[in-house]
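Just dropping this structure here.
Note that the chains are named A, B, C and D in the order they appear, and that numbering of residues resets to 1 at the start of each chain.
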Amino acid sequence: MALDKNGIAQRIAQELRDGWYVNLGIGIPTLVANYIPEGIEVEFQSENGILGMGPFPFEGEEDADLINAGKQTITAMEGAVYFDSATSFAMIRGKHVQLTVLGAMEVSEKGDIANWKIPGKMVKGMGGAMDLVASADNIIVAMMHANKKGKSKLLKECTLPLTGVGCVKKIVTNLAVLDVLPEGGFKLCERAPGVMVEEIQAVTEGRLVVEGDVPEMQFGLESVS
Amino acid sequence: MNKVVANAAEACKGIQDGMTLMVGGFGLCGIPESSIAELVKLGVKDITCISNNAGVDDFGLGLLLQGKQIKKMISSYVGENDEFERQMLSGELQVELIPQGTLAERCRATGAGIPAFYTPAGFGTEVAEGKETREFSGKMHVLEKAFDPDFAIVKAWKGDTNGNLIFKATARNFNPMMAMAGKITIAEVEELVPAGHLDPNAIHTAGIFVQRIFQGEGYEKRIEQLTVRTKN
Amino acid sequence: MNKVVANAAEACKGIQDGMTLMVGGFGLCGIPESSIAELVKLGVKDITCISNNAGVDDFGLGLLLQGKQIKKMISSYVGENDEFERQMLSGELQVELIPQGTLAERCRATGAGIPAFYTPAGFGTEVAEGKETREFSGKMHVLEKAFDPDFAIVKAWKGDTNGNLIFKATARNFNPMMAMAGKITIAEVEELVPAGHLDPNAIHTAGIFVQRIFQGEGYEKRIEQLTVRTKN
Amino acid sequence: MALDKNGIAQRIAQELRDGWYVNLGIGIPTLVANYIPEGIEVEFQSENGILGMGPFPFEGEEDADLINAGKQTITAMEGAVYFDSATSFAMIRGKHVQLTVLGAMEVSEKGDIANWKIPGKMVKGMGGAMDLVASADNIIVAMMHANKKGKSKLLKECTLPLTGVGCVKKIVTNLAVLDVLPEGGFKLCERAPGVMVEEIQAVTEGRLVVEGDVPEMQFGLESVS
């Protein structure tokens, strides 16, 4: 069965390692914070200027001066720190953030990503996405395998204007976990529970590399924090 | 070194049609509300505005868009604004979109006397079109340049009469770099105190970067996305 | 995110012969005394040391010079040190002199993922020899590049278990930029407190830049040039 | 009569304007702080990280963590602020400091300055001098007109390794106040009290431009603060 958004987030959370600083994009990536595995401590960076971002505030305790990059009211954990936007992107460009999780409209088999602009539609801007994808060594894309029309989002070449070139290393979709191979191509690492390789192949336009038996994703070993 | 002016009207003296203004804030967080209200009142036109976002329809820089005072926006993200979209699609408004980190670093470079620097952001995308690119340590980078704004307008939490500023939480965002970058920098603060009342160790922006400071009035501090938990 | 290590010995693990170290401080102000003592004890050799100054004969980095542990100094000013002069003139010690502002900005660039930037400092002088130069707005500039240090060693006033740092007065100097630049950054502090005990608004260096933190011991804080007034 | 070091400093202090931020180098420039004209407020920046530098501390009140760029113990004025070295040189390169006063070994008639290195002698380094001279729009050199051997320090071309190119606009020596002309040459603006143009000419190797009567420096109108 294909995963829902929470399932994608839960699978991505398995990639977290103790001591990592993590930047989560808007949408599915935000949900990753709900599934931090037991015994692991990570700190969330929001590029508008906080490290140690906590959960949403209790009603009535919101502070207009304390928001995340999605402009949502948030709280700060103990030991949090605030900083300016130049310092924030110094952290990002300087590779001090160990993991970036973000959404995408398209990913190519070379690791190119497009997630900011659809020609002919209103363009809102790239925000911090171009800095994030150009800088991070470790980028996981969280997205649906196909768009609403059923068209693959894992392509030979991106058709939309790019956000970054050759930067995506791992993709977690509702159907699969895939690594982008250095020589190009999507290596199928894991299938969503009950999803067949053929189903994944059918909605993967780019080169899908299947080697041996592809295991199913495992859930339930980690607990929800 | 007293930098105090009476109010927003005094602070905004000299801002004219066609000028380039940097305006601090991220979304509606940490924006100079009093100065924006004054710019609406002044009715200055054809402004080029460097600001991370463009406000919402009826608040922040959206107020200047309503009055068609902005000729060009230089931002990283401009959603959440119908009037903006209308003016952009009709061609009334020019828009230049810049990666957020590049925007922040270009603001800092402007104030720091760094005319240009290399960043990996945007390489291989339309952002790099027409710009020099270059490899360092096996990775491609884009040459990005400083801005040349006439005024910078920032908002701080506390300030002293010398122009020293302290920002609160994530309302800091672009304000410190923009404060460095203005030929004339206007700082509005929620609380203005005499020089010597701020801890010199805890000041975020040194008064040397600020030419005019005043205590703003009636801060609304609107929340763009109210998200809360309920207790149990 | 606990970054605490027991002491200087734990903190300096992995520092080996031939490595490049950044060491914070200006003169003897804000130098990591405990870590320097540990480096003397370790006896690591052939160090390339990036630090604004080179200490005095019997304190600061001068202690490493005494043991001939330093192969090369990259600094802006290296006076006040006879042993330094002797080693330099005899050719035992290599010295690269860099304008102070360029040194500071190169440290920041290193940590900020900026591989190179243009500065006017040094144009037309021997500092610019072999470097690219370029005109921006009618003024000539020199292209300067980031460093590639193995470790950065800094000294702060207060720190918390997350690695967040606050510096005191002019002991801040190069420490914050160097903290950003280390592949591994060691911070020694006069007072180590639990996370949450520092005002998140007043922190100078975010813990993300620091890999190891410990509370140093027996700070001498020697004064290089004692200058005083007498009360009437 | 030729000025002493304090006289040079006192004359330079007349160039201060209300509201200026000023960086004073080591030596004669430091003395300028003793002669701030009445009614004028200036703030002193020291490039190691303080704005609003005050006088030396009283005995026993010195703080090892509070020094100036000459490594001397200092105090901070009310409203002072501390910052890191990158921010400090951002102020300098970004032209936020209105006046830099520094010493020199040689100045050329084109405004080149040499003040950091004598080949064959121990080289201590340029410290912040190269950043300061390359950045400031307003640089005043404070120095003796000739060196200890009587040789002119105002030259056609500098013979020593340069600190900066074409950057000096004004020079105050023990004998004269001179402007460096845009087209090259030292324009004699003022003579030290009782010093003849011929005496100045005799120790000025570079082109000295004398137009009409050259007035004597005026002292005593400003009071010592």
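The criterion applied here is as follows: a residue touches a chain if its C-beta (ideal position, glycine included) is under 8 Å from a C-beta of that chain, and two chains touch if they have at least 3 such contacts.
Keep in mind that what you see is a predicted model, and the values were worked out from it rather than measured.
Novice: Between chain A and chain C, which partner chains are common?
Specialist: Chains that touch both chain A and chain C, as defined above, are B.
Novice: Counting C-beta pairs in contact, which chain pair has more, A-B or B-D?
Specialist: Higher C-beta contact count between the two pairs: A-B.
Novice: With chain centres taken as the means of their Cα atoms, state the distance from chain A to chain D in Å.
Specialist: 56
Novice: Just the number, please: Cα centre separation of chain A and chain B in whole Å.
Specialist: Once rounded, the distance between the two centres reads 29 Å.
Novice: List the centre-to-centre spacing of chain B and chain C in whole Å, with centres computed as mean CA coordinates.
Specialist: 33
Novice: Can you compute the centre-to-centre distance for chain B and chain D, using the mean CA position of each chain? Integer Å is fine.
Specialist: 36
Novice: Which chain D residues sit where two or more other chains touch them?
Specialist: Expected reply: 76, 82-83, 86, 89, 92-93, 135.
Novice: Please output the residue numbers of chain B that touch at least 2 other chains, ranges allowed.
Specialist: Residues 105, 108, 112-114, 119-120, 167-169, 200-201 of chain B each touch two or more of the other chains.
Novice: Thinking of each chain as a vertex joined to the chains it touches, would you call that graph a line, ring, star, complete, or other?
Specialist: Looks like something else, not a line, ring, star or complete graph.
Novice: Can you list every touching chain pair?
Specialist: So the chains that touch one another pair up as A-B, A-C, B-C, B-D, C-D.
Novice: Looking at the complex, which residues from chain D come into contact with chain C?
Specialist: 46-50, 55-74, 76, 82-86, 88-89, 92-93, 112, 122-131, 134-135, 161-166
Novice: Which chain B residues qualify as touching chain A in the complex?
Specialist: Answer in residue numbers: 26-30, 52, 75-80, 85, 88-89, 95, 97, 99-105, 107-108, 119-127, 140, 157, 167-177, 204, 221-231.
Novice: Residues of chain B touching chain C in their complex?
Specialist: For this pair, the touching residues of chain B are 105, 109, 112-120, 136-137, 139, 141, 145, 166-169, 199-202.
Novice: Show me the residue ranges of chain D that touch chain B in the complex, using the header's touch definition.
Specialist: 19, 21, 41-43, 45, 51-52, 76, 78-83, 86-87, 89-97, 135
Novice: Under the stated contact criterion, what part of chain B meets chain D in this complex?
Specialist: Within the complex, chain B touches chain D at residues 1-2, 108, 110-114, 160-162, 164, 180, 195-196, 200-201, 203, 206-209.
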